[in-house]
Structures are given as structure tokens and as C-alpha cells.
Amino acid sequence: MSGQIEDILQMVRDGSLSVEEAQNKLRVLPFQDIGFAKVDLHRKLRKGVAEVIYGASKTPEQIRSIVKTMVDNGEKTILVTRLKPEAAQLLQEGNFEFYYEPLSKMGIVGKKPEPSGLGYVLVATAGTSDLYVAEEAALTAEALGNKVLRLYDVGVSGLQRTLAHLDEIVGASVIIVIAGMEGALASVIGGLASCPVIAVPTSVGYGASFHGLSALLSMLNSCASGMSVVNIDNGFGAGYMAHMINHMEAKR
Amino acid sequence: MSGQIEDILQMVRDGSLSVEEAQNKLRVLPFQDIGFAKVDLHRKLRKGVAEVIYGASKTPEQIRSIVKTMVDNGEKTILVTRLKPEAAQLLQEGNFEFYYEPLSKMGIVGKKPEPSGLGYVLVATAGTSDLYVAEEAALTAEALGNKVLRLYDVGVSGLQRTLAHLDEIVGASVIIVIAGMEGALASVIGGLASCPVIAVPTSVGYGASFHGLSALLSMLNSCASGMSVVNIDNGFGAGYMAHMINHMEAKR
Amino acid sequence: MSGQIEDILQMVRDGSLSVEEAQNKLRVLPFQDIGFAKVDLHRKLRKGVAEVIYGASKTPEQIRSIVKTMVDNGEKTILVTRLKPEAAQLLQEGNFEFYYEPLSKMGIVGKKPEPSGLGYVLVATAGTSDLYVAEEAALTAEALGNKVLRLYDVGVSGLQRTLAHLDEIVGASVIIVIAGMEGALASVIGGLASCPVIAVPTSVGYGASFHGLSALLSMLNSCASGMSVVNIDNGFGAGYMAHMINHMEAKR
Amino acid sequence: MSGQIEDILQMVRDGSLSVEEAQNKLRVLPFQDIGFAKVDLHRKLRKGVAEVIYGASKTPEQIRSIVKTMVDNGEKTILVTRLKPEAAQLLQEGNFEFYYEPLSKMGIVGKKPEPSGLGYVLVATAGTSDLYVAEEAALTAEALGNKVLRLYDVGVSGLQRTLAHLDEIVGASVIIVIAGMEGALASVIGGLASCPVIAVPTSVGYGASFHGLSALLSMLNSCASGMSVVNIDNGFGAGYMAHMINHMEAKR
Amino acid sequence: MSGQIEDILQMVRDGSLSVEEAQNKLRVLPFQDIGFAKVDLHRKLRKGVAEVIYGASKTPEQIRSIVKTMVDNGEKTILVTRLKPEAAQLLQEGNFEFYYEPLSKMGIVGKKPEPSGLGYVLVATAGTSDLYVAEEAALTAEALGNKVLRLYDVGVSGLQRTLAHLDEIVGASVIIVIAGMEGALASVIGGLASCPVIAVPTSVGYGASFHGLSALLSMLNSCASGMSVVNIDNGFGAGYMAHMINHMEAKR
Amino acid sequence: MSGQIEDILQMVRDGSLSVEEAQNKLRVLPFQDIGFAKVDLHRKLRKGVAEVIYGASKTPEQIRSIVKTMVDNGEKTILVTRLKPEAAQLLQEGNFEFYYEPLSKMGIVGKKPEPSGLGYVLVATAGTSDLYVAEEAALTAEALGNKVLRLYDVGVSGLQRTLAHLDEIVGASVIIVIAGMEGALASVIGGLASCPVIAVPTSVGYGASFHGLSALLSMLNSCASGMSVVNIDNGFGAGYMAHMINHMEAKR
Amino acid sequence: MSGQIEDILQMVRDGSLSVEEAQNKLRVLPFQDIGFAKVDLHRKLRKGVAEVIYGASKTPEQIRSIVKTMVDNGEKTILVTRLKPEAAQLLQEGNFEFYYEPLSKMGIVGKKPEPSGLGYVLVATAGTSDLYVAEEAALTAEALGNKVLRLYDVGVSGLQRTLAHLDEIVGASVIIVIAGMEGALASVIGGLASCPVIAVPTSVGYGASFHGLSALLSMLNSCASGMSVVNIDNGFGAGYMAHMINHMEAKR
Amino acid sequence: MSGQIEDILQMVRDGSLSVEEAQNKLRVLPFQDIGFAKVDLHRKLRKGVAEVIYGASKTPEQIRSIVKTMVDNGEKTILVTRLKPEAAQLLQEGNFEFYYEPLSKMGIVGKKPEPSGLGYVLVATAGTSDLYVAEEAALTAEALGNKVLRLYDVGVSGLQRTLAHLDEIVGASVIIVIAGMEGALASVIGGLASCPVIAVPTSVGYGASFHGLSALLSMLNSCASGMSVVNIDNGFGAGYMAHMINHMEAKR
């Protein structure tokens, strides 16, 4: 609770501040001090879960400095997305546990938390060329405390490869489907699954794939119920959404 | 369990069918009889929850006939989407409870089920012109057994109208944000909420809204975490996805 | 000033409310009652200036009812945009002054205010087919209290028609340029003028004009300094922006 | 063989035409009389096969007159595409056998030929809303002398419905897959089939289907080998291509 | 035939497995073991024909290892598409016959099979700048066992160059037309030919060719009957489709 | 010559105006009175040639009134483009010669001038569905004093139909090629012709023709030299451009 | 004032030039000497304000030479936009005051003028990745004589960060909002502000941001009144427009 | 004249070839030998005029070899477009006159012909950044025998710069207008000129210029009569078209 409001009210009570002066003071208080505190409480990830740093537009030095502050403040897991190798190099040299996955450019400082949640998150891709997005999604979900199952290379043109994994599909709590080119895998898995499916188009492909536009439109138009779509190549967004769904709880 | 397989196996057991003949029989069985049964079991909506009919490409007579069969088979709630007024007229005359919402062209046969799920689904729109999509989403969620809270007309250009409802936003289990034109409401609510947000772009607008493209791109690019997007005007898809998230359970 | 806050503070002062209870009450007050009051004060148009109703998505009855309330509350000028003829008909029958311009579908209830502001707003079009947008812009600016000069049909293909009006162009306080097809008029006038220019692309045209896209891109790419662009066919937005610029005052 | 060339050569032979004059005459002969005759012979459809009239840009009277001439010249089967009901009405009244399919707007004058070719053409659709294109393809193939198998409503979201027809898919000579929205059915069937697949995107859908663009891009990007694509809604083109493939013969 | 099913049935017969247990076992068998075996038999290319490896997203080492395994397993011809020079270098050093065409980045391990099929495949291009795609198509068709005729540089702006090859065009079994920029060559050859034509747009060009979009749209809209289109730059897809058409056989 | 300038100069000469006052007066004179007179002289069409009225955005009454004034002023030929039937009806009733072509919506008041110019303008179309644009081009050229040759229905898919008219193509002074769908006819004729070619894409077509975009891109990318393009459906613009080229003269 | 006109008038006055000859001479004078002088006077920036050089398409040497001439002519402030580092290096070595901001590639020769105008220009960005555009806008406004307030990193996903600065937003004279991705910040600030807002989309982002298209469309469709948009990444244009609005004065 | 036909006719005349055999021989003669000779005669550029080589897709060695052959065959002027510096280097070393313009990448072998034609070709650009296209157009026109006048940097934002050159504009035989960004210069000059205008959009610009699309659409939609457009950056096409128009002659 904001001490400022309390102070103002105390001064009103003891008469050192008139009602009118108090009104004026209240009106110019920064909003976060009044009503947003609870927002922050809600937006914070559950205890023990990773903090996230978006590494793309920060210098290696900036990233190291942010990470250091967080570690010093007791953060147990810090996820750094779009982390360039040279910045990873710098973090490598810090005196904390650090893991770097070069394909997805994901870095994890500290330990991944023990998996929690309602079930496992399934991450499925059509081919090996989409792995850079798939790993961004999978590592995000893991760093936020989810058990992740990877089904890579289950493309539609060999439907039996998909169907051979029907049990994993049917058993998942949330599914992230990642596909470039035509994105049909999302429809196929969406048709088989009975849980929420998050589709991630990738910019992989050539010609009329138009840098992911083809897969994006295909996924938006999928007839499968219970599917929604995130931005092209946005593995992190899919992983985060999957985490939220996999950690749903009854609201009081 | 498929009786056909059982019969074949019985015949193998009692010798009336050779192993080789049984193999041949098994191989040509329709797939749904072998492995897909469990899929169907999983795909079925939970007991007491509505069946869904997509009304857009069916004649009034076809719809009435499907509805009648379902009612005769004991379905308690049937949701008909994109139901044209003339088809609604016909259903009106049937001997079952029927409700029609003309703006969203949604029809509900029978009673809406008692709300269940983890919490309530919040449906928010920027203005009254998006109501036709909002009601499609809201009625879908209600027909599938969710408590729905409607926040209509909370546009970004009057931010205080949005913030006045902060409690409803923060307290929701899932949020569906519906907006045409620039779609900024999704980002604003996505930034305030701590639950999964499903964004629905609408084709409402003029000029450079390009029939929903502007809102679609805006929502896909939103920086808010925990948001995903469905097709333009796809209120049903959002309502269905919200229902699935609001009914998440621990997987065994 | 919100009476609610005053009441709370009074109760704190006379001891009928504890400081802690007051904090809780303040925290759940709708935001507009606390901090947004000043926003509203600023957002309100200057005294005597028109209120605006967006008529497109409202029924004739809704519009009449809103207008009636406003008139009863003493509003002197009310601007109704995108007002369909049948709604205009209904307003015509009210017991207040009413003017309807069918081309731009603009209605003005009450009297236009006396022109104020720094100078005049010039509204220029390339041809007669853009008039529906031009009049929306011109009437908006007039209803908000601006002197408006109309230069219609000064297309680029007859450059002398533009140049014959050089004095009006150079003398304007703000210029609104409205053009479909290629939108070159905006660049030409932007090059001649020394005041802010607001460009409005229109959806008028055929073939590769793509419903205003050609003019929009052309205007965004104009090399003329001091020009900015509003949405295709958005005459109201241009008129409003012009009004704000023409009424600039020194901030304390 | 063109009589004109023979005449010229005869005149050269009997001296009534000089070599130089003959050269000049040959040079200005319409091309079709010299080298293109054989082209025409090749382009003609095999004997007994239907002639095709594109009905879209012709008046009912023009169509009747063309049909009448053809019938008088002994054509046994005439296919009329994009035939409006009023033109069909007129043909109905002619003294020849006539069949009209209103959904696909296809008319067939005379008898469909006995099916020939290497096997059957399979026409598969994802849903009933694509039938207008499917029937255009199916009737085209039938009118040109192919056995056609129709698999309508085998959408991807219910994969078992597709797989239940695996035998028909695997047994086909050519497959035409017709789908709007996301077009994933083409990829799925393309992955199962071992014959050439022709994909037809349809303009059916809403929102980000963009009048068939989504399905078109999806099909072009399909990873399935042995698939090619025709224009949006071009059922005739697919039927014609399928006919050509189903009637392949060894070239001498 | 899958041994697993046979085993289960044997155990049912000899009573060591109950009917119910057998049902459960059958239901969880990977699908390929039940119904998909015949699919695989059909999908396999005819005996002696090349296997295909998509080289684009694989490391040189991965490619060499896959090739080695295939060679060891007795594959006679292996086609590697989109093979980067450094990977080709590595294959060069293997102890098997290897051919690399750097323009199209195609590698062929082993011997091209003797040409079979109904006739020859004609590959035609408008200019030398499309050769990289043309060779991908031509080498694919050759590696799969087709006789290929190359007509390079038969552009539309010099129509006589096209017509001079009328005999080759008319005599072909299948034609692949490859063109960037405006793609008119496809229409011209499509109008002359009496066999199926597969059009491949290329990304060659500048300005409003928009990386192949212009040629793609042009080809999709071609009025020539018997033409279909593959993805921009997809020479392999065209070559494969041509191979399938050139090897059509009567289905039993 | 502007009387105003003469007056000022006279007053300078007789001393009733100072040099400085004259300078100020000259500076504010409308531009057309000073330097643009010669522009107008140049822009006027050659004597006896038609005036042009763009009929699309004018009421029938406005058009009749403009025509009447022109006729009274002695105009011999007046071309009215995009003239709606009801406006044509009104002109029909005037007491002057009037011709209306309903397909192209072109009206000609008075007599077409005798053809002049360097040669004839050839107007070629691929099919009968483009006639509405072709006639706009042809009648424009005729009304401006050009001999016009019409080659309708010379589509690329029947190349011999084009080649049969090689003499007319080679003999033309300017060629206007009109085509929708893929626009290949422009390339083919551009390759055969030795004169300037003006290509007009039309919005005729369906599917991926995207309202003329396909033909537009195709024509812009044509490899044929000596070709340029006007807006989709802009028959008038092509006819006017052709007229200018066909009436080229040596500049002094 | 043009000496040429004066000379002509003097010659008319002293009789050495006839009125007719003077008319002819006047008619061929370059326009700028007659009527455009006043245009130039108006277009010039207010005294003491910076001159602007567009550095993108000029060599370092060209820029240095232009700067030198301007400095020699007494210009006090010269703004150079899109100045490459190597050109900045060269200017660094000149004997005049010089400041270079590498992120925005802006150079300022001489001293920034003392801020003037009606109030301050607020420059707000959603994140640090848009700074290169923000600084272009801010430095432009400063170099033209405006007080600038920078609000960087006030993104929508953390709405409280925006609202904490409500006073700066409400107190601004003009606001420039800079945002990539979804551009929602413009709508949010536009809804809070009561002054003109200029929105600048940036090309920052990935996937479906399509190089700024998403933010551009979003901003054009914003429902906030009093907002207009400049080209993607056009910080200079926004700064210049803001300067003009902040320096509005009553016209005579 | 083709010797082959003469030989055949001679053999017919002297009886060594039957009429039927002659017919067969004639039918298979390559077309260029029969009817296309005259096409070639017409397509050839007028005597003494430059041959053109498209340098973009050829190696330096290929270009040198083609040039050498042409020079040996007596060609006086050879134009090489899109000639890379390394290829220019190689030509530099040949024993013939050679000129290379690096900005436009144009090379001219031999002497430019004396200017001929009806008048001069005016090449106008909006700014210096379009020079690479402008010089391609200008040098093409010069190499083909046209007098060229260059008006560079006459942008619309400083309209007086354009108008100062009114005489050159009005006096031109053909005008080529080259502009990127918004392309308004084409409309302005098109409105002033009385001769054919060829507009060339360039890919110069940033943001919403979309690599020339904005200028292309703008030019296609220009209201100025007598203007047509070539592909983005296609200076050669414009120069060639201008040459053809400037060399128009009366057809017999």
C-alpha cells in the first residue's frame, strides 16, 4: 500500500491538511501509487519462476548489468531471449550458472525450475528448419516451470509420422505447433488434439511463402477449433501463452 | 469400443477366421474403428455441454433437420452459429426451447448449461460497432458452460473507461478482446491482465483498416505477453478457445 | 471535482472513517473520479464549441435521444458525422435548429459558433468527386469554430488553377488537402505552403488506386516538409486536427 | 492440308507463277494455313470428347446459337461453363438433350461420353461450401470422358474422415483437391497419394482468407511432392488438367 | 506385412491373449504398422529410381552420412537438392560416383537411370537468367528416369525463337515452362502444346516483379487449358510432377 | 494576351504608376494571366479535334449543360467518357448529333473528325470480355482524329489467331493492347510489333487476377521493348496517348 | 525583388522598350523572378532557425562544401539528417562547432537556437529500439528552436509507465509518438492528450510487423482525435511538423 | 529472303520435287525462314543505330565476346545495360572506343550516333538520388540517336524550380519523368507538357515507398492525359520508348 496516500490521509485526519488541499494532492499522485500496485502483484510471475529479458535491442554490457542486478536480488531463473553470441560469451564469464542454446539464441541464467502445472506442453514442428523457433518456445516454457515434450519433424507430407505420436498429442495439456511454408501441420494437429493449440508461423521457406505470410494466413484460417495464433517466429510468445494455460487455477 | 474388432478377434479365437484373413480384415477397417475411437472420446465436449452447428453454408431445412435429430437424441444445448433470420424463423417454430440473437446471428436450442470452469470469461470491445462479433464470442462461451462478463465500449481513446474496470480485468480467468480499426485495446488490456488474452480483430472500419487487416497485424505485433489471435471476425473461435482455457484440468 | 473524494476526506477529517478504510475506498474508486478529472477538463473542447457524435453505428432513434439530452443540457452546437438520411429526417423533426449536408452526411444541430482561431483553414480538393470528404472536413472545422476557405477543383493536371490561388494558399493558417487517385496535389500545395498541411487520401478512383491506397502511399512519401496524413476518407479527423492547430495557444 | 499452298506450288510447277512471285505469296499467307494446321490437329480433343464453351461473357442468345451450330455439325457432347440460369433456361428449350447443374453453373449438351482413360479422377473437398467448384471440376472431367469419384466433406479437422477413404485416395489416377480457408487438405491428401494431385483454392471463407489468397499460398507452399495448383475457383482448369493426365499415352 | 499384428493374432488364437487385451494392444499400435504400410509401398518411387534428399537445411556432415547409409543400402541413384558447394565438396570425396551442377545446386550420387516413361519432358525457359531453376527441374526429371529436352532462351519478345521449336513443343509428353518477370512464355507454350504444362515462376527480375509474384499471378491467370503452377523457384517440384505424369500407367 | 499586364505597362509608360508600384501589382497577378497563356495554347488539342468531358462524377443535367455551352461555342466534336445511360438519354434529346456506345459508356456529340495522323492505331484484345475497355480506347482515338483498326479476340492461347494478323500488327503506327487475367497478349504483340505499344490491363477475371493486378504486373514486367502501361481499365488514357504518338510532328 | 522586372519597367518608363515588347519579355521570364519571390519569403524558416540538409544521397565532400558555404554566409544553425559516420568525421574536422548523434545519424553545425514557441514538444517512444527515430525527431525540433521533452520507454504493456507521466502528456504543446510493432502507444497517448499528436511508425519489429506496415496501419486507424501520421521512420518530418505547430501565430 | 524456300520452289519448277513433297517440306521449315523475315526487318533498329546488350545476367567474358563479334561485323554503336564494373574494366581493354557511366552502369561501345528524330527527349528527375535511373534513360536515348536534355533536381516541393524550366518542358518532343517516393513530379510535368510523357518510378526512398510501389501506383493513377508508365527502375525501357516516339514517321 502506498505510503503517500496514507500520509495524506493522516494529515487530513490531524488537520494539518485541508480537505481541498488533500484533493489536489491526490489528483496529481502518480497512478502507480494508487491503483496499479495490485496490477503489479498480479503481473508478476509465480514465485520461483523465471524473469525475462528481451535481449535483441540491448548491448552485451547492458544485459550483463541487468542480469547481475537480478542475481544479486535473488532471482533464481532468468530467461534472456534473442541473445547474441557475443552477449552470451559475456554472460558465460559471470559467476553464476548459465546455459546458452545458440540455434534459438536463448540464454538461461540459474537453474530451470522444477516443472509444475496441469500437464505437459507439447512442441511440434514440421521439419528441422523450424527448430530455431521451436527451441525458443520450448525453453521459454521450461524456464517458466513447465514439462515440455518435443515432437520435431512430424510433417504433414508423411502423415504416419504425425499419427504415430497420437498418444503424445492427445495427452498434452497445451500444444504449440510450429510450421513455415503452408502451416498445414497446425490444422492436422488441431484436428487431433482436444486441448488448446497455439500456432506459430515461421519465416522459413522460399517463393510464395513470403517470409511467413503464407503460414500465418493458413493458421488463422484453420478450421480446427481451439486454436489461436501468435506472430511469425514468436516462439517466446507461444511458450509464455502455453505456460499461462498450463498453470490455470480456479479464481477465487 | 468398436464391435467390429471384437468380432474379428472372437472369430480368430474360435478358429472361424485364420490369422491371415484377420490381418486382411483389420487392415481395411475404417480407421475410426481402430485407433480413432479414443480421439473421438477426447474431442467430445464435456457432458452436458453444447453441440455446435455451423449455419453459414446450410439451408434452413438442413439446419432444422440436424437440430431435430440432435434433440431427439437427447442433446440439451445446441449452438447454431451464423444462423440467418429465415432459418431462425424455422427453428422458432420447432417444439423445443429456442433463443436467437440477431446481431451475432447466434441461435441456442435448449437451455444454456449452468456456468462451470475456473472463473469467468471477460469479453471486452472498443465500441458498439464490434458487438456482432462480441456476442458471437460471449454466447459461444455461455453455451459451452462459462460465466461471461461483458465490457462493451471500453475504447482506448477514453482510457479512463478501461481503467474504471480494472478489477474486472484483473479478476478474469480468460479475456477476449474484440476490436476493429487499430486494435490497440488488445495491447492495453493485455498489458493490464495477468491471464491469457485472446484477441479478435474485426472487419469494422473504413479506409486503411482494409477489412480487418490493420487490427489483425496490430494484434499479432502486440508487445503484451500471454496474448494470441484468431481470424478476423471469428468470435466463435475465440469463445471456444476461452472455454477450453477456462476448463483446464490437471492431466493424469 | 469529484464529490466522492471530498466525502471520503470529510469522513476522515471528522473521524467517521479510519485512514485504512479510506485507503481501501480510494483504491477502488473509478479512476476518472480521482486522476482523470483533469484529463477530461483538457479534452473538452473550448467553451461554446461543438460536441461531436459519430453517427455511423447508431440507430436514428439513438442519435435523436443523445442529441435531445445534449440540447436539454444546453449544448449550443452538436456535430453529427456519417449521419444517414433517415436519421437526418428524424432530427429535422426535432424542435431545434438543424442543418444537414447530404454529400458528406454531416448534420449540425444548433448554430455554428463564430469563427475564432489564429487564421483560416483552407480546404483544397483536386476534383469534384472528392467533395464528400472535403465537406466533412470543412463542416467539422466550421462547427468547431474555424473560418474555412474552400478551394475545390484545383487539380495538378491544370497547375495554373492551383497557382491562381497562391495567395489563399500562402495566407492560410492550416491547409487540408484532399485527393484520390495519385494524391499529387498534396505535394504541390505542400511545396507552396508555409503552414502545416494535413493530407486526406480518398477512396475515389478506379483500377490501381486500390480504394485509396495509391493516394495514401503517395501522401506519406511526399517530400514536402510540414505535412502529415490521416486515414483514407477521414475528413472529420483532418478537420479536427486543423481546428486544434488553428487554436494553438501559449502553454503556461 | 491447305489448298492455297498446293495451288501456289502447282502454278510454280506449270510455270504460271515465277519462283519470286511464289515466294512473295507464301510469305503473306495466314500462318494457320502453313504450319499451324498440325497444331490444331493436336489441340483438338480426342474424337467423341466434349467441346467447351466459356459461358461467362456471352449472352444467352449467343450461347444458344453456338450450341446449335455445334449440334448441327454433329458434336455429341458440349460442355458450357459458368452458364447463368437464364441461359440454361434457353438451352432447356432446344431440341437436344441438356443437363444443368445450378451450383457449379455447368451445362452439358448431349450425352456424357463413356469413361475412358487410365483410371478414375478423385475429386475431394473439405466441406460442403466448396461444392460449386468441386462440381465444376467433376463435371468437366466427366464430360471429357473420365470416371470421377467424389469425396466431399473430408476436412482436415476430422482427420479420420479423410483416412477412412485411404483406399480411394491411394487408388486414384489423378486427384483434384478443392479447399478454401487454409487449404491444408491438399497437403494431407498430397502426403497420402502416390499420383499427381491438382489443388484448387476456393474463395470460400471470411476474414484473413482474403478471397482465396490464404488457400492459394498454402497450396503453393505445400511440402507434398507431385502437387501443382490452378487459379482460385478454377474447377474447370483442374478438371481439364486431370483429364489430360488421366489420358496420357506413350508418344511415338 | 506387420509382424506385430500377426503376433497378436497368433496369441489370440492360442489363447495366450484375451480378446479384450488384444483390442487394447491393437489400438495403441503405431499407425504405420497397421494401415499405412500400403501407403509406403505406393509412395516409394519405382524400383531403380532415385531417392531424394532436401539439402537446404542440413549440414554437409549430415548429408554425407545420409548418403553413405543409402549407398550402403544399395540405392543406385540419389538426388540431393539445394546442395551448397561446401557440402558438394564433401560428397566429391566419397567413394561413389558423384555429379554436381553448381547453378542449380543439384547433386546426383550414382548413375542417372536409363530414361523410361511415355515420352520426353520438355524444359523451356525465357532467358538464361532462369537457368538455375530450369536445371533443378531438368536434373530432377532425369534422375527420376525421364528423357529431358532443354529449350533455353525461347523468350516471347522474339516469338520466332519459340515457333522455330514447334515440333519439340508439340511432340513433348509433359512441358515445364520456367519464367520470371511477366511469365508470358507459359501462356504462349500452353497455347501451342497439347500435353500437360507445368509452369514455374522464378524470382528473377526487378521492380514490379516483386520476387516472382508477377510471374506467379500471370501463370495462375493464364487462359491456356491444361496448365498448373508450382511455387516460385520450385524447379524440383515441377520436375517431380512431370515425372509422375510421364510415368502414368493404367490403374488396375 | 492579358489586358491587365498591358494596362499596368501603359500606366508605367505614361507615368501614372511608379516602377515600384508596377512591380508590386505584377507580383500579385494571377499566374494564368502572365505566363500560362502559352501553356494553354499548347495543351489545347489541335483545331477541329474533340473536347473531352469526364462523365463519371457529373449529373446528367451538369453534362447536358456543359455540352450545350460547348456546342453553342462551336465545338464540332465532344467526347464524353464514363457516361451513364440516363445521362446519354438526356443528351439523346438535345438538338445536336449524338452517338452512344453502351458497352464502353462513351458518348460522342457531333461528328467524328476525318482521320489524320501518321498511320493507324491498332486496338487488340484477348477476348470479348475486354471489349468495354477496348471500345473506350478505340472511340477516344477516333474522336481525336485517328484511323483505328480493331483486332478483337486474338488471345494467346490460340496463337495462330494473333499471327494471322501479323500484317496489321507490323503495319500499325501505334498499338493498344488490352488484356485482363494474365496480360500475356501484350508481350506477344510487343515482341512482334516495331511501333510503340501501350498496354491496358483490365479488371476482367476472377481468383488470383485480383481485379487487374495480375495483368498490370505482367505488363509492367514485359520484356518487350517499346511498351508502356496505363492504369487498369483506362481505355481513354491509352487512346489519348496513342493519339499523341500518332500525331507526332517535328518540333521547330 | 527581381532586378530583371525593374529593368524592364524602367525601360518602359523611359521609352526604350515598347509596351508590347515588355509584355513579351515579361511572359518568358522564369517564374521565380515574378511571382514566387514571396513564396520563398514565406517558405524560409523564421530568422535564426536552422537550415536543413538531407544527407542520405550526398557524398561527404558534397556535404562539407554545402555546409561551408552556408557557414560563410552566416547561417547560425545547420541541421544535417541521415549523415553517415564518415561524412560526420569530415565535418568534425571543419573549423566550426559540430555535434553528431550517431544513433539517429543527425549532425548539427553551430549552436542550437534558444527554444521558442508556444510550449514544449513531447517525444514519446514505446521502447529503446525506436530511439534512432525518436532522436531524429527530437534533434530536429531542437535545432529548429523548440524545447523538447523526451519520454522514452513508456510502452503500452506497462500502462502505468505511461500514466506516471500524465502531467507531461497533458502539458505538452505538441506530442510526437514513435512506435514500431503494433503502434498502440499512439492511440493511448492520443486518448490522453489534448494537443495535436503526430504519430511516427517505425520499421522496428519482426514477423508480421512487415517493416513498419503494421504500425502505420494501426496509427492511421487510431480512433483518437487530433492525430495525424508521417511516413515510416520519418523522425525529421514529425519534428518539422511539430515545430510548425508549436510556432503557430495569428495570421494578419 | 530465305534461300531455302527459293530452293524448294526451284526444285518444284524443274520437277525434281513433287508438289506434295514440297508441301511437306514447307510445313516443317522453321518459321523465321518463311514469314518472320519481314518481322525481323521491321524490328531492326534504323541503320547506324545502336545494338543493345542486356548485361545483367552475363559474365564479363560473355559480354566481351558478344561485343567483339558485333564490332567485327561492323556495328558502329553498341549499348550495354546493367554492366558491372568488372565487365566494364574488360571492355575498357578492348581495341575499340568505349565509354562507361558507373552510376547507371551503362556502357557504350563505339560512337554515339548523330542525334536525329523529331525533336529532343527531356529527362527530368525530382532529385539527385534518382540519377542512376535517369542516366540509364538518357544514355539509352542518346545511343539510339536522340538529342537529350537533362533536367535533374526539379522536385515538386520547390515548384518554382520546375516552372523555371517551363520552356524546356513545353518544347520537348517526348518527356521521361523519373521519380521515387511519391512520384508527384510526373503529374506536375504531365499537366504542363503537351507531348507524350513516360513515367519511370524508382525504388529510391524508405518506409512506405515500398521499393517503388508508392511511386508506381501514383504514376498509374495520375490524372494527366498523355502519360504512360514503365517498370520500376526501368530507365532503359523509357529511353527506348521515347526513342520510338521521337522517330515516328508517316506509315505508307
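Every chain is named by a letter (A, B, C, D, E, F, G and H) in the order it is written, and numbering of its residues begins at 1.
Please note the rule applied: a contact is a pair of C-beta atoms (placed from the backbone, for glycine too) under 8 Å apart; a residue touches a chain by one contact, two chains touch by 3 or more.
These figures come from a predicted structure and were not determined experimentally.
Q: According to the touch definition, list the chains common to the neighbour sets of subunit B and subunit E.
A: Output, common partners of subunit B and subunit E: A, D.
Q: Can you spot which option in C-G, F-G or B-C is basically B-E again, with over half of the contact pairs the same by residue number?
A: Comparing residue numbers across C-G, F-G or B-C, the repeat of B-E turns out to be F-G.
Q: If I average the CA coordinates per chain, which chain comes out farthest from subunit A?
A: Between subunit A and every other chain, the largest centroid distance is to F.
Q: Rounded to a whole Å, what is the gap between the Cα centroids of subunit G and subunit H?
A: Going by mean C-alpha positions, subunit G sits 39 Å from subunit H.
Q: Quick one: report the Å distance separating subunit E from subunit G, using the average Cα coordinate of each chain.
A: Averaging C-alpha atoms per chain gives centres 56 Å apart.
Q: Report the inter-chain centroid distance for subunit A and subunit F in whole angstrom, where each centroid is the mean of the CA atoms.
A: Computed value for the inter-centroid distance: 60 Å.
Q: Taking each residue of subunit C in turn, which ones touch at least two of the other chains?
A: 31, 35, 38-39, 127, 159, 163, 166, 192, 207-209, 213, 216, 220-221, 225, 231-232
Q: Using the contact rule from the top, write out all pairs of chains that touch.
A: A-B, A-C, A-D, A-E, A-G, B-C, B-D, B-E, B-G, C-F, C-G, C-H, D-E, D-F, D-H, E-F, E-H, F-G, F-H, G-H
Q: If you look only at subunit G, which of its residues touch subunit F in the complex?
A: 1, 5-6, 9-10, 12-13, 15, 19, 22-23, 26-29, 31, 34-35, 37-38
Q: Using the touch definition up top, name the residues of subunit C that touch subunit F in the complex.
A: The touching residues are 127-129, 159-161, 163-164, 166-167, 204, 206-209.
Q: Which residues, counting only subunit A, touch subunit D once they are in their complex?
A: Touch list, subunit A to subunit D: 126-127, 155-159, 181-184, 186-188, 190-192, 205, 207-210, 213-215, 217-225.
Q: What residues on subunit C touch subunit G, complex-wise?
A: 35, 38-39, 42-43, 52, 118-120, 163, 166, 170-173, 192, 194-196, 198, 216, 220-221, 225-232, 237-238, 240-241, 244-246, 248-251
Q: Per the contact definition, I'd like the list of subunit D residues that touch subunit F in the complex.
A: Counting only subunit D, the residues touching subunit F are 28, 30-32, 36, 39-40, 56-58, 201, 203, 212-213, 216, 231-234.
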